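Here's the structure we're looking at; comments come further down.
Note that the chains are named A, B, C and D in the order they appear, and that numbering of residues resets to 1 at the start of each chain.
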Amino acid sequence: MASASTNDIEFRSVTKNYGPVTAVKDINLNVPKGAFLALLGPSGCGKTTCLRMIGGFEQPSEGAVLIDGREMNGVPAYRRPVNMVFQHYALFPHFNVEQNVAYGLKQMRPRIAAGDIDRRVAEALEMVRLDGFAKRRIYEMSGGQQQRVALARALVNRPSVLLLDEPLAALDKKLRSAMQIELQTLQRDLGITFVLVTHDQEEALSMADIVCVMSAGRIRQLGAPQEVYDHPADLFVADFVGKTNRIEAKLEAGGATLRLADGSAIPASKPVATDEAIVAIRPEAIRLSRERVANGASFQGVVTHRIFLGSSAEYAVNVPGLGDFLVTADRSTMNESDLVAPGDAVFLGFDPAAAHVFPASTA
Amino acid sequence: MRALVTFVYVFLYTPIALVVLFSFNAGRNASEFIGFSAQWYGKALSNTFLMEALRNSLIVAFTSAALAAIFGTMAAIGMERLGARTRAVFDGLFAAAIVVPGVVIGIATLVALVEVFGFINPVLAAIWPGDQPPRLSLGYGSIIAAHGLFTMALVTMIVKARIAGLGRDIVEASSDLYAAPLTTFRQIVLPQIMPSILAGFLLAFTFSFDDFIIAFFVAGSNTTLPIYVFASIRRGVTPEINAIATMVLAVSLALILIARFLMREKKKPTT
Amino acid sequence: MTLTAQVKKRLVTIALVAPASLWLFVFLVLPFIAIIVFAFGERGPVGGYQPAFTFEQFANLGARAAAFVNTLVLAPIGAAACLLVAYPVAYYLAIKASPQRRLLLVSLVVVPFWTSLLVRTYAWMYILGARGIPHLLEYIGFDNVRLLNTPGAVLLGIVYGYLPLMIMPIYVSLEKLDRRLLEASADLGAHPISTFFGVTLPLSLPGVMTGIALVTILLLGEYLIPQLLGGGKVFFIGNALVDLFLQSRNWPFGSAIAVTLVAVVVVVLLVAMRIAWRIAGTRQVDLV
Amino acid sequence: MPTNYTISTYHKLGLIDELDLSKVPNFSQKTENPRFTKEGRIDGKTYAVPKNWGTTGFATNTSKLKAKLTSWKDFFEIVQTEADGRGMVHDYQLTTIGSALVSLGYGFNSIKPEELAKAEELLIKVKPHLFAINSDYQPAMRATDAWLTMCWTNDGAQLNRDMPEISYTLGKDGGEIWTDYYAIPKDAPNKAAGYALLNYLMDPNNAVKEHLANGAPTTDSRVIALLPKEITSNKIVYPDEASLTPLEFGAAVTLTDPGRAELMARFKSA
């Protein structure tokens, strides 16, 4: 398809109201061709509404959605060059696998020759490794297989954009990680723009190359997975994407020093313009040891719980005056002597530069 | 408990079995079984009044069930697209059509039609160019209309339940796969709700075929099979009635079994 | 969405509901208005209706007090009798029967309901008639026992006719019941009888309520069973209505009774729904 | 097919045509028994011609009932005693109320409120003892569910033919005599066919077949001549003149009287 734009999808000041409820508020978003975008957020944040506006199942109340540079307002779903993998797959129960996959091709005008349809369906099934299942009934397939049928049914049409609505939510954990890799590979091989909706931050971070974190109908942060994780734009993102320890603090010395509730002080990683602040620190950025670490921030506490996770372990540590901390320790990097148990007195240390400081008012 | 349950099944089926048994009675008395014979079926089948009543019943049942299936399905689909308030009005009216006793439906239809005919007939007579103006009167039309009311509500209820179970997502999936709304309806929605429509049709047919009380009021000079059976029961008891009753039972039995088969739960395509 | 598309969608919706709306209006709403109007009219000189505005017909309702009493007594008793027989059957079907046989057994319960009530009632006419059970009783020395045309015969006919309608909703509510609750109750040391009264019965009450409401409402308008098994002596409102419309042709009085009957039905329905809501959410009844 | 007492009402409502007797050459006024034809004529014009006549008495199963009934007074007494639960009255106000009136010594056609009140009292007292209120009494009589019933001539003859233990009695205190007629409705779509049928039925050779099938007696002496002896001598079908004397024809006003209609409805719903 001749491209009119370098962006496959564009949101221009898009607002969507359902009666008095605003689901999406003034969203601007560009998705470049060939990108893998993840819309990430808690349920009700508007991510699914955005996806459905791309698919044509909803129309924006204000603003415009563009696909390949073309404004799509008023264009119904069946005239849009995008395809969707539905949350519960939405396979047609009265058709077999092959008929499901061929459905979109059969609707195309001008008509596609029957032989071509057969060939493309076979290719698509092969692509999702379901060759040999063509005549199966849908209810005879496992959840993972149904998921692949849904994928084949969408991809066989060679859409310019593939929309995925929580496609892996119904799968068990092991199958989910396998499918994550498979989807990523497919996306890279096909070069199609993927838009994935998920509430699972791990899934978003592992698969997408652009993550769009949403909350209450707005975009909170847009960026590469690592950037979003390492430099959360606000406290919400910090909390939602990965785990975070929060420490309340007062700013001193013109915003250069953070005075914590237990009286200790640490230098601020960046200056903040308010008096009250929240310091956010990732569990894995905290180091657990039996002795006080000389440089950086250091607090003494008592281990209250330990959760064994195989390659790593999580500790809950109570620090008097500051509350409970969550600490993740990678076993491979830990000294034998640092293996602690509930009831042990420990020291927590971290590099103040790894702590993010946000105004308390955004909490 | 098993004994009790067995007893209930015996209770449910013994009377039916007796009706059928005595339909094969060789004697002319309905109470003493003399020997097997199909003569009463022969008698019944060559009884012109009975055959006329049967024909009327079949015409009425088929027409009202077909109308109910078509209009009821349309309504079930249309109601999905209505606003909540309008939909509630429809729900209420359909519920009323089901809950209001048949005897009241019969009466109300009779009263209304007689009034309407009383108003229309003179008008027709006045404006009719020919000598023999058509006269509206009770008959097929009024039975079909009154049966259609209940059965349409029945079909709407059944089809609506199926549509609700259908989920919006396969409709959206079809739309996503370039199918225009009409195509989606034909290829996705219709095949999915078809068993319910057929089941609704069969139940509607059975209802109409078996109904006595509504037809009793609005049949006019047309006799339906239940009206004929009712009159025969009152007039006298020969095994011919049993033969007729057995045939009536056989028809509804076959239809209801097919309807149940169509409406059985299918495995859902979910994990 | 563009305006024309919206208009088009609206037109399609209207076209879809139009035939049913027309039907509901012409054959439900209009007739109903007609009988309300009639109920305030007077009997014509040779029967039928004569326009008037009078409350006479309603004032005269007492003249059918016996029919109302018969109906309002026998309908609930009939429903209660149905319930007594239906519950064990529904319980057996939902809890005890093996899944392979359940479908067949449930079908066997439902099927009679959809066959002609007339024919099924006729069967009882001759079972209860002099050459049926009374004839058999003569062999063991009970002469001239009369069963037909008694309130008992009508009650029997009612139970027979409406049993399936009572079994089904109870079965549905029992079948939805989470079997683990019964196990949990047993696990917590409850005797099977206390499990039944503490867990099973309360959870099946919505089904019981639905069944009672359905059977009672249908019985309120019953005509055939009292006519055939009651010999015109056990007189229901339905019989009074047939009489008034088709025999004495007192349409206004008949209309007043019909309006009253509908009012009774509505009250029964509202009360049943109230109770059902109080016990637990509403449940759909599987009539087929 | 109107009965005697309905013809004047139908005429008044303009429901039936005056008959053109020239189109019914088979009808013979001379051979008709005048007792049964006068209701068909109004103001000298013929509106209906007779089909057959009959009486309303009662049928008794003598193998079940020992009592000998001869009057309506007996009927209403036995129904409450020996035939408790086994007696039937018609679902028809004319005969049921009429017979009750006769048993009380009043006229069959009375519409006097005080007499009707007495009749109502009797009927309501009797009701709990009845087997049924039903004009289709043959099945119950044949099945021996009922032992005693109000009965019309033709049914009585049929019952007696098949079950000789069932006898038919006319009340010596009174009762009803009736004639059924043929008439042509004003809005009949095909009057020519109506006349053709009427003429066919008036042919004695055809009327006699109808008589044999139905069992009710004829008004036409030409038909009597064609009947077999066992019918003309059957006292159920052709009773003695003496037993007919106390009987009355039903009157038009009796049938249309709203008081009687409502009485019947009250009786049934009591």
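FYI, contacts are C-beta pairs under 8 Å (C-beta built on N, C-alpha and C of every residue); 3 or more make two chains touch, one makes a residue touch a chain.
Source: prediction; values computed, not measured.
Chemist: Please identify the chain with the largest separation between its CA centroid and the CA centroid of chain B.
Modeler: A
Chemist: Count the C-beta pairs in contact for every pair of chains, then give the pair with the highest total.
Modeler: Maximum number of inter-chain contact pairs occurs for B-C.
Chemist: Rounded to the nearest whole Å, what is the centre-to-centre distance of chain C and chain D, using the mean of the C-alpha atoms as each centre?
Modeler: 39
Chemist: Quick one: report the Å distance separating chain A from chain B, using the average Cα coordinate of each chain.
Modeler: Those two chain centres are 55 Å apart.
Chemist: With centres defined as the mean C-alpha position, give me the chain B-chain C separation in Å.
Modeler: About 18 Å separates the centre of chain B from that of chain C.
Chemist: Provide the list of chain C residues touching at least two other chains, using ranges where the numbers run on.
Modeler: 126, 129, 131
Chemist: Quick check on chain D: which residues sit in contact with 2+ other chains?
Modeler: In chain D, the residues touching two or more other chains are 134, 143.
Chemist: Where on chain D is chain B touching in the complex?
Modeler: Touching chain B from chain D are residues 134, 136, 138-139, 142-143, 189.
Chemist: State the interface residues of chain D toward chain C in the complex, per the touch definition above.
Modeler: 9, 13, 64, 85-86, 91, 93, 127, 130-134, 140, 143-145, 256, 258, 261-262, 264-266, 268-270
Chemist: Quick one: in the complex, what on chain B touches chain C?
Modeler: Touching chain C from chain B are residues 1-2, 4-5, 8-9, 11-16, 18-19, 30-32, 70-72, 74-75, 77-79, 81-82, 90, 93-94, 96-97, 99-105, 107-113, 115, 145-146, 148-149, 152, 156, 158, 161, 199, 203, 206-207, 209-210, 212-213, 216-217, 226, 229-230, 233, 237, 241, 245, 248-249, 252-253, 255-257, 259-260, 263-264.
Chemist: Once bound in the complex, which stretches of chain C touch chain B?
Modeler: So the residues of chain C in touch with chain B come to 9, 12-17, 19-21, 23-24, 26-32, 34-35, 38, 49, 85, 88-89, 91-93, 96, 103, 107-112, 114-120, 122-127, 129, 131-132, 135, 160, 163-164, 217-218, 220-224, 228, 237-238, 241-242, 245-246, 251, 254-255, 258, 261-262, 265, 269, 284, 288.
Chemist: Can you check the complex and tell me which residues of chain B touch chain D?
Modeler: 31, 132, 233-237
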